[in-house]
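What follows is a set of notes on a single structure, which appears directly below.
Note that the chains are named A, B, C, D, E and F in the order they appear, and that numbering of residues resets to 1 at the start of each chain.
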Amino acid sequence: MQNELFKEGLTLMLAGMGTVFVFLTALVIAMTVMSRLVGRAPTAARTSGATDDEIAAITAAITEHRRK
Amino acid sequence: MQNELFKEGLTLMLAGMGTVFVFLTALVIAMTVMSRLVGRAPTAARTSGATDDEIAAITAAITEHRRK
Amino acid sequence: MQNELFKEGLTLMLAGMGTVFVFLTALVIAMTVMSRLVGRAPTAARTSGATDDEIAAITAAITEHRRK
Amino acid sequence: MELVTEIWRGSGLYQITGGQAIMLVVCLGLLYLGIAKKFEPLLLVTIGFGGLLSNIPGVEIATGDGLLYLLYTAGVTNGVFPLLIFMGVGALTDFGPLLANPRTLFLGAAAQFGIFATLLGALGLTSLGWADFSLRDAAAIGIIGGADGPTAIYVAGRLAPDLLGAIAIAAYSYMALVPLIQPPIMKALTSEEERKIEMVQLREVSKTERILFPLVLLLLVAMLLPSAAPLLGMLAFGNLMRECGVVERLSDTAQNALINIVTIFLGLAVGSRLQADLFLDTNTLFILALGIVAFGIGTASGVLMGKLMNRMSSNPINPLIGAAGVSAVPMAARVANKVGLDANPHNVLLMHAMGPNVAGVIGSAVAAGIMIMFTS
Amino acid sequence: MELVTEIWRGSGLYQITGGQAIMLVVCLGLLYLGIAKKFEPLLLVTIGFGGLLSNIPGVEIATGDGLLYLLYTAGVTNGVFPLLIFMGVGALTDFGPLLANPRTLFLGAAAQFGIFATLLGALGLTSLGWADFSLRDAAAIGIIGGADGPTAIYVAGRLAPDLLGAIAIAAYSYMALVPLIQPPIMKALTSEEERKIEMVQLREVSKTERILFPLVLLLLVAMLLPSAAPLLGMLAFGNLMRECGVVERLSDTAQNALINIVTIFLGLAVGSRLQADLFLDTNTLFILALGIVAFGIGTASGVLMGKLMNRMSSNPINPLIGAAGVSAVPMAARVANKVGLDANPHNVLLMHAMGPNVAGVIGSAVAAGIMIMFTS
Amino acid sequence: MELVTEIWRGSGLYQITGGQAIMLVVCLGLLYLGIAKKFEPLLLVTIGFGGLLSNIPGVEIATGDGLLYLLYTAGVTNGVFPLLIFMGVGALTDFGPLLANPRTLFLGAAAQFGIFATLLGALGLTSLGWADFSLRDAAAIGIIGGADGPTAIYVAGRLAPDLLGAIAIAAYSYMALVPLIQPPIMKALTSEEERKIEMVQLREVSKTERILFPLVLLLLVAMLLPSAAPLLGMLAFGNLMRECGVVERLSDTAQNALINIVTIFLGLAVGSRLQADLFLDTNTLFILALGIVAFGIGTASGVLMGKLMNRMSSNPINPLIGAAGVSAVPMAARVANKVGLDANPHNVLLMHAMGPNVAGVIGSAVAAGIMIMFTS
């Protein structure tokens, strides 16, 4: 048994998942802060694909790329 | 006279034309067999450019590429 | 003071502007001669963007490239 | 007479090895899946045909100065092709749903557990003496669980070029099989009530937020995990071209001519790794087996994280959208939507699932960065 | 004063050689043929302009690290550009007429006799001591008779790079001259009755047959003549992308942006071989002379094979379509159609001639494979 | 614990230098100018983002085998990218106004004085011991005054690769600032009466003239100044494809897919020269200062030449169009038009200004050729 290598893998798993969560948590915070700062300034808002039409259009566009 | 070289050329000519015919004969056979096998299965047929319209369209398409 | 280098620059400036003018003068002459030779032969003339519509179209086209 | 012998000896029938014959059949199988079953056809058709070309005996196509080998060295070993594809994906992707609901990034994070569990699995096989994967090999195999083709090819090109063929095939095949792999796991881990949960409509996202998002992402990568910067940087660049509104001609080209050209080249180049002597190996079987485990674990951890978030959150979260966190854009989001509709015909989850879906792309690029940093 | 001398010595008027002056005139002639006469303009305009650039004295364009030299090494010596063009041609070509009537492949086979007769001619000139062509040179010259530009460039780049300029010029010029070269030969070898023969309408070809055809072609090449696999493989790949129906965006790009970019690069790169000291040579004159002989012999053998097949077949075959077997797609097919219409105004041969026409592309690629195998 | 330390040491926050932090801010500023102010967005967005990527600490992007470094060596040091852009510009440019009024070439000539004056300025700074520019450096800096991005990048890549980043930034920034830089100078040097001058309508230009123009230009370059042949040759090639009418598919691709792909690559590659240790330097400040002087002098000499020509000519010439001779197509022509309209609401100078505007492109390419010949 190459226990060394397996241990190294375990470390990498813990550090890896940890970093993924730390990074994405930081991104959540950064996006939230950014959105609030932007929200204060009056800007031309654009709907975020909330309608069914837009859902269809976006999916179609991505699908077209992946499926063709 | 470099007769050696010319003889080599003659050999290449005979072997070459021979191989071209052998290969294309094999292709004729393979295509025919393939078409028959496919023909047995019911498939959505598509006209093979047999109409005048299609003749025009195909020629135009190829011509467009070569002539422009 | 690196006078040598500065002098070399002066020379290059004189020679450079001189060559630019010589070259563009030659081009003016060549274009004029070419246009006259062509003018003799009867050719399908095409307006040189003299109308306001064309001005708009050309500017729009170039702008589209540079600005987008 | 001699000449006929020479031609016969030059023929494929004379020279072909058993391995090449098997690989020709395998590649025809990939083409069948791509064309008849429409499984990720952009890549399975190009990789499959590249594989056919690469197993023709006695001619330099995938070796020497053959076209496929030139493409492989020009764009795969150095990562150029996957990075350009990532730029195109960025130009094609709408991050609006993620901006409207940033918390779904956690779902994209959780689903990356499949990557690391698989890495551990590969090392476990090695510890047991069944396989012989190095840490770098295991990292590259794990990334299959990221369910993102260009990321997998990028990492494999860097860490384990010998395994690139098998890893790419596994990644694209399982991405195509997401509608078969995910639903049983999703149903097993959720109750009927959870699957019926309807989510609140997403808020509006302003143009400014859309423009700033790629820059925020890039700066965060730069500060926290530079080794993920090539992948996420090109994704952000493509998305900035898309959203900034002043370089539409570049964005169009990145989304069309350029990504298409690179896809053709990348597919052929990856196909060149399907040469029999590189591909036919017990390693390949292990990689295929580990890959499907990776997808399963990723799906499960995404769903479980969805359940956890639903309990902790004031706004209801349907745990099904967690399964979309594996990426496999947009297939996984559509699967989540479909399973949700089965439970509740009024439950349109698609847009909500797009958030974790694109979050999964970011998540696996982050995981790739960690792998590369840790093993180089 | 010294400076003026230096500028004068740097000028083209001071440095130009007689050969360069001649080549500038030759290249202007090529541009005239391409633009005013519309002879194969895609290649004659790009090659012609590349030739102009390459004969400007005293500047590195076609040498050193000049753009045209870089393009030449990047894509001509290794065959990359012709292979990508072949992929695009595959994506542009409809093999339906050939599938509807596979026997026309024999016409495409017969017309390749021009290739081998010319090879023999080149060696004959050498035997007589008039020229000094090696077997590889002769093979590359013969391929002009294939009437297919990318095939000629591919073979010349492999076997006789020194002759590439002359071979490419001969191939494209004579392809453009097909409407002048072929009709007299066609009329001399056929009777009025033969030219009036109407052919039965082609059968329908199913989508499945169209998809399987490139795969059948590839597998046959793999088994019988691997050395033709790069050319025919890329042709088959392009055609599979066209017909399979699931990768339309790749097929579009292969037919448009990609083939156009490569055509520009290939034309300029081939033009770089029109440098005076490479091109102005008695060899070039011999190549031009041999090339036209090749076209003539190819046309004649195609027509004669058509006569033979007409006698042996139950369905009537108009021998004129045999002339289309030289390739020169689609010009040769249109010439056959026109000569047929002259004899019988109701006789539309165009679609019937497209079969041998595309068969000629396959035939000359097969001949190219034999040449490469035999001489390497 | 060790691992956390390792991750922390791998992070950007740990590794970042002050210079990199400054450059990240500078690059965000370039993006702001490109996106919010719409200053030359095609290049400022791509260069700016490339600069961001290149200042991420601890990862090979702009160095080693990173993507941006590969792009830089593949297309900037050898001039390939700027030359392909020039081909696209040729395919996009209508030389009709210049053909209708060839004398406006003199305005394009005069405006190049900014180039040479700036060269002298750079050498003056060196003579004073303030800077340390070689003759090649000074020549590359001077070319900023040509107000033509690809020409500046081409010359800098050849003569002063170390200064390429600063030169490209200066060239594109000032081109974008033309509407602010030029009007005060134009108004200071002309009287109200001069600005009101209306010009006679341009004559018609035939298709033949349009086709012959790029050939005349090329042959003249070949005879008089071969060192300018790469730049002007590719410009002429693009324009010939545009005007000859027989290769529309190539012209379309040169104007769209190809120029867009190359613009993306060129922008990223130039951005790679914005690495802090290459860019942050007193030289950069001198280059930015000299660049704006170059624009000012070029504008002034164009206007003064316009005044001179107006006095010597029978047809009236509005001196404002002389300012368009700096190039910066089409911005400078639009500025001339606007200043003219301010003085006389019926005075549409746009088309008249397009002549000197495109003449300025030719003029600065000629100047580039002289610089390269003289300093190599």
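Here is the rule we go by: contacts are C-beta pairs under 8 Å (C-beta built on N, C-alpha and C of every residue); 3 or more make two chains touch, one makes a residue touch a chain.
Keep in mind the model is a prediction, meaning the values are calculated, not measured.
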Homomeric contact subunit D-subunit E: same or different residue positions, threshold half: different
Pair sharing more residue contacts (C-beta pairs) when C-F is set against A-F: C-F
Distance between the centres, which are taken as Cα means, of subunit F and subunit D, whole angstrom: 41
Distance from the mean Cα position of subunit F to that of subunit B, given in whole angstrom: 52
Between subunit D and subunit A, distance of the C-alpha-averaged centres to the nearest whole Å: 15
Multi-partner residues of subunit F (at least 2 other chains): 7, 38, 41-42, 224-225, 246-247, 249-250, 257, 374
Sequence positions of subunit A contacting 2 or more other chains: 15, 19, 65, 67-68
Residue ranges of subunit C touching subunit E (in the complex, touch as defined): 11, 15, 19
Parts of subunit C lying in touch with subunit F, wherever the complex brings them together: 1-3, 5-6, 8-10, 12-13, 15-17, 19-28, 30-32, 34-35, 38-39, 41, 43-50, 52, 54-55, 58-59, 61-63, 65-68
Interface residues, subunit E side, partner subunit F - complex: 6-7, 10-13, 15-16, 24, 28, 31, 34-35, 38, 41-42, 45-46, 49, 52-53, 55-59, 61, 65-67, 70, 256-257, 260-261, 263-264, 268
Interfacial residue positions of subunit E with respect to subunit B in the complex: 38, 40-42, 92-94, 96-100, 102-103, 105-106, 108-109, 112-113, 115-117, 119-120, 122-124, 126-129, 135, 138-139, 201-210, 212-213, 216-217, 220, 224-225, 255, 259, 329-331, 333-334, 348, 350-351, 354, 359, 362-363, 366-367, 370-371, 374
Contact set on subunit E toward subunit C in their complex: 3-4, 7
